[in-house]
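Both of the next two complexes hold chain A, though its partner changes from chain B to chain C.
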Partner chain A sequence: MRTSTGARAGQYVALLAYLVFLAFPFLWLISTAFKSPRELGSLHPTWIPRHPTLANFRQAFDEQPLLHAALNSLLAALGAALIAVVIATPMAWVMARRRTLLARAATGWVVVSQAFPFVLVIIPLFLVLKNLRLIDSLAGLVLVYVVWSLPFALWMLVGYVRAVPAELEEAAAVDGAGKLRTLVSVTAPLLAPGIVATALFAFVTAWNEFFFALVLLKTPEKQTLPVVLTHFIGAEGVADLGPLAAAAFLATLPSLLVFALIQRRITGGMLTGAVKS
Partner chain B sequence: MTSVTGVPATEARRPPSRAPSRSRPRRGSDHAAWFLVLPALIPILVLSVGPLLYGVLLAFTDSQSGRTAPTQWIGGLNFRDLLHDSLFWESFRIGLVWAVGVTVPQFLLALGLALLLNQDLRLRWLARALAIVPWAMPEVVVGIMWRIVYNPDAGILNETLHDLGLGDGRDWLSSLSTALPAVIVVGVWAGMPQTTVALLAGLQNTPRELHEAAAVDGAGAWRRFRTVTWPALRPVALAITALNLIWNFNSFALVYVLTGGGPGGRTRLPMLFAYEEAFRYGQFGYAAAMGCVMVAVISVLLAVFLVGRLRGGDDA
Partner chain C sequence: MRPRRLLALALTLLLAGCTGGGGNGSTNGRITLRFQSLAWQDESVTANKELVKEWNATHPDVKVQYVQGSWDSVHDQLLTSFEGGEAPDIIHDASDDLADFAYGGYLADLRDLLPARLKSDIPQRSWETATFGDGIYGVPFLQEPRVLIANATWLKKAGVRIPTPEHPWSWPEFRDITRRLSGDGKYGVAWPLKEPVSATLNLSLSAGGELFHRGTDGKVTVRFDAADQVVPRTIHDQADVDHSASPTTLGSGGSDTLPGFFGGKYAMVPLGFSYRQQIVQQAPKGFDWQVLPAPAGADGLTQGVSPQTLSIAEDSPHKKEAAEFVDFLLRPRNMVRLALGDWMLPTGTQALKDPALHTTKDDWATGTALADHLVSAPAQSVRGYPEWKDKVATPAFQEYYSGAITLAELRERLQRDGNLVLARYQR
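Up next, the complex of A and B:
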């Protein structure tokens, strides 16, 4: 492409500004996590800790049940991701391949559900789960997460199913394979990467989720990581910055890792949805 | 992994004529379809559609938490009270300011970044890699992180402002005049990558040859953007903007962690208000009525978006 030098320079300046805007809060978080209390109290904060220390991490684990909370988050996120994908895949296949009323209604629901204010759903859910004695339990939270991640899971999966040519399934049917056999031996393997990406996305969504966990989990031992993180901020809004930064940094790592793996695939799924709708 | 990215996108362009050409489903396979759909459909009905309808019903009752007397149907009383609840309307106004205040700058910045990243620039990979960070971070962590940045004593923002000679800074999140703008900045930061990536994907769907043809014809950058890029990008741009408006209007975690709705209610978004009403004061019926009003507003937003979209179809 022909671009003048001046325009090129302008583009780089803009790009650098964006990079700074994107990076600086995160770098500051990391820097804070490794600072000694003394350096944190200094009047003129520095970008790079002069005496990097792991003390904040130790103190964070001492102050709050972080490990336990991470385990809770892991269980809730894994459970939600697995169940969501197992039940969403067959439905997505029907939505992608058939133009039945049901498939169209489901597509409509996927779009509309993006617009729910959760408060209208959480109050009745709270009452129902309370009656089922599933309040304050990970099982109840997993149930909520499954349904909550279904719209986007369906959205992504429908895109992936459409990418598998229907002719392949028809060819298998002509060769005498039954419906189920076709699905399992022809479609499923081609769909596998998409299913994995969807599951990972559902995992990250549940790992990061805060509102439902805040409302549904009361006992400290049952709370998930995002809820426990807020305990570092005292009632008066005062926080011990070092341990807070350390814990927040740790809580981000799993999501970052998973997201780095699947980011390109989500983009694909998202785009299909946006263009199609 | 990378190679598959384009596949769904390509698929989206496939003419829809394919589906009707498939053989009509026989009755037997209809049963099979139900069998495949039910595992997802039942949870959706029980845990999503059901509660939503139940929530609407609750809005017409005096349901409270921990009350021994039975819940009673009180008709439109909650809505009448809401109408006179100035705090609620204030939070509503804040919600709209926040939703627009986040969505519009976010869109413009994301559009700029997407156009940049679509060029052959050297640091492009770094920008793409960095964009993952805000996107993947738990909202709670984003809130905590920015609290640390905004911290009046140990935060980097005031220190930077000081170094640049721009005054001694202030306690951004606790002062009445700066709290809302300060959380809006965080909202923009947090959602920008997702918008960028969506727009970038849309850009990459626009045919390069058209650009080159326009350039050969002597069209300037702005003209090329207006006549080639924007028309192709428009559907994605509108969809992501509508979704962002709705998501932002409904947001909770970020502001809950940043300010808890303060100072003096200046950042109390409707969701925070409804949350407090329901789970701090136990007013389930009243909070459900708030939820209903929010749904109504969102429906209007959606309707405006749909009308805009239909109109746009005529222009293009």
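Up next, the complex of A and C:
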């Protein structure tokens, strides 16, 4: 189908507007991070700081243990992502290949479980973790993140497994491969883009998560980055804007880096389940 | 690095970081208390940490661990900790957040725990902010009045009378002055009323407004009488009749009004006393500002406040030691350090006498002179107040200030809908 020049121009304008809309908060965050307090209080805000300063970064690092908190976040997010995909991959395979009543019920439960608000589960969860002596430990937090991200991870992976032709697995079976061998040697490599996309989803969810980390971790040395960021906010929402922006900018970098590094794999992963064979 | 090595490294790091434990209690006869502080400004955090360090240096058997909390999420976080039996031993919060925790049995009654020195040092009107039923569930230690931060050059040039705590403006005089200061796209005042309820109620005390009335049966009802209407009517008329108050700031927070204030759009901004810290940081060089007392009504400069408090968890196995730490933290000299760090006023009478709080620098003296007029915020002990505030009062005040409803409609909604909400909590 041919597209007229006008329509194409309109598409580009719409795309540009959408990109600006997406990028605006991030660019403004960067700009704020480099502004002095006086410039932040100006009636005429500027995109490019007139007198760029690193003082906000210095203050942010002086006031809060950002690096330590970032390491905690990294451990929790990596742990959650790894465990979630390790558990979800075989489960997704079973749910995709065995269309039994149980598999359908499990799929339904996965969808329903996404509707539970945090506040509904936090107190029972807190008590369970306390009994397991997992309060105030990153292991407990990782466990919660795995449980929290598992349903969606599973849902994503089921779609990717269904996109892998079952005939390949049947051929492997004819060649004498067992179920585990088939999953590991045949299906899993084909699922790689989907697994990466799912792991990334679990990583970003855990990296950004605030409420569970706030409630479950007591010791200051174990707090994660989102919790530490709130220490720049005072009563009635008053904020130490410069250092907060500097710290928030640093906090977004790992997610961006991870996205940038594995972008091609994600795109592949997303397209894998898009067309029915 | 190969993927397998990466995986191994990640798992090793994870296991290294996954050490459980923490917790309060005694180890080898040594007690560890957890003190959750909500201090957030650099100077304030430093003051708190220094005091904890000084305590730990002189009390080898009772170690205090400083835990950083956050104002943004303190209620939910404490509620979960209380339910799970993992609350910090010493809890920093605001008095208006304590009612549910106190009535829920989560906080220790401090009457028999605190020393006589501390009890007598803090005035009764401050203790009332943390008294629920028969018990005292927090030590009020820092508070701040709402003041007018003014563009001094503008006021001088306009030749208006500059109010002092001894001779404040009356509400009609304030309205008249803001009218005189307005014009050409500039306004005499910018009310930051993102949270209109507490600001209105606390300032209304100056005109004798009480709004919440407790009957002989102990039940509370809402009554929006003539005295309650003075402050809301002034704000409404400034914004909608005189156009001497900026209509755009009515939905803004305090910090949002500062750029316009520095840029010469508004002559005055009613803000909490502690906002001076932001003004010192952000004001352009040469900007001349000053602190003025809020206008006075029939009851003078009286104002409602919800002080910051220190409480002790009911579940703490070391309440006596926790109370000793609270007493140490709130010795007059230490209370002054905390007040200076937070740019607020101490509640203690001895601390209030400290010369550091009576300087003209950053107008400390003006704020300190208002301390005697600060009383418990009217809504503090009213159960159901949060719901009344969110569901009834906030939208009603916002609509009234924006000119969408009349004073009679405001009254009707605050009373009729408000009393229905409160009745549910008092059955």
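Note that in this section the second predicted complex is superposed on the first by the 225 of 277 C-alpha atoms of A that agree within 3 Å, B and C clash if a C-alpha of one lies under 4 Å from a C-alpha of the other, contacts with A are read in each partner's own complex, and residues count from 1 in each chain.
Please note the rule applied: contacts are C-beta pairs under 8 Å (C-beta built on N, C-alpha and C of every residue); 3 or more make two chains touch, one makes a residue touch a chain.
If you're wondering where the values come from, they're calculated on a predicted model, not measured in any experiment.
Colleague: Touch test for A:D240: chain B only (first), chain C only (second), both, or neither?
Modeller: Second partner only, chain C.
Colleague: Once the structures are superposed on A, label A:T230 by its partner contacts, choosing first (chain B), second (chain C), both or neither.
Modeller: Both partners, chain B and chain C.
Colleague: Is A:Y12 touching anything from chain B or chain C once the two structures are fitted on A? First, second, both or neither.
Modeller: first
Colleague: When both complexes are superposed, which of chain B and chain C contacts more residues belonging to chain A?
Modeller: The larger set of chain A residues in touch belongs to B.
Colleague: Does the superposition put A:V94 against chain B (first), chain C (second), both, or neither?
Modeller: first
Colleague: For A:A139, decide between first (touching chain B), second (touching chain C), both and neither.
Modeller: In the superposition, A:A139 contacts chain C only.
Colleague: Looking at A:L67 after the superposition, I want to know if it touches chain B, chain C, both of them or none. Which is it: first, second, both, neither?
Modeller: Neither chain B nor chain C is touched by A:L67.
Colleague: A:L40 in the overlay: touching chain B, chain C, both, or neither? Say first, second, both or neither.
Modeller: both
Colleague: Applying the document's definition of touch, where does A:V121 land relative to chain B and chain C: first, second, both, or neither?
Modeller: The answer is first: A:V121 touches chain B but not chain C.
Colleague: Which partner does A:G79 contact after superposing on A: first (chain B), second (chain C), both, neither?
Modeller: second
Colleague: Mind sorting out which residues of chain A both chain B and chain C touch, each in its own complex?
Modeller: Common to the two interfaces on chain A: residues 40-45, 119, 122-123, 127, 210-211, 215, 230, 232-233, 237, 239, 241.
Colleague: Quick one: which bits of chain A touch chain B in the complex? Just the residue numbers, please.
Modeller: Chain A residues touching chain B: 1-3, 7, 11-12, 14-16, 18-19, 21-26, 28-29, 32, 40-45, 47, 86-88, 90-91, 93-94, 97-100, 102, 106, 109, 113-125, 127-128, 143-144, 146-147, 150, 154, 159-160, 162-163, 166, 179-180, 193-194, 204, 207-211, 215, 225-226, 229-230, 232-233, 237, 239, 241, 244-245, 248-249, 251-252, 255-256, 258-261, 263-265, 267-272, 274-277.
Colleague: Mind pulling up the chain C residues that touch chain A in the complex?
Modeller: Checking each residue of chain C against chain A gives 7, 10-11, 13-14, 17-23, 34, 38, 40-42, 45, 65-68, 70-73, 76-77, 80-81, 83-86, 88, 94, 195, 253-255, 258-260, 262-263, 265, 272, 275, 278, 281-285.
Colleague: Inside the complex, what are the residues of chain B that reach chain A?
Modeller: These residues of chain B touch chain A: 1-2, 4-14, 18-20, 22, 25, 29-30, 32-34, 36-37, 39-41, 43-44, 47-52, 54-56, 58, 63, 109, 112-113, 116, 119-124, 126-127, 129-141, 144-149, 151, 153-156, 159, 174, 189, 192-193, 197-198, 200-202, 205, 215, 221, 235-236, 239-240, 243, 246-247, 249-250, 252-253, 256-257, 260, 270-271, 274-275, 278-279, 284, 287-288, 290-292, 294-295, 298-299, 302.
Colleague: Under the definition above, what is the set of chain A residues touching chain C in their complex?
Modeller: The contact residues of chain A facing chain C are 37-38, 40-45, 59, 62-63, 71-72, 74-75, 78-79, 82, 119, 122-123, 126-127, 130, 133-140, 142, 210-211, 214-215, 218-220, 222-223, 227-228, 230-241.
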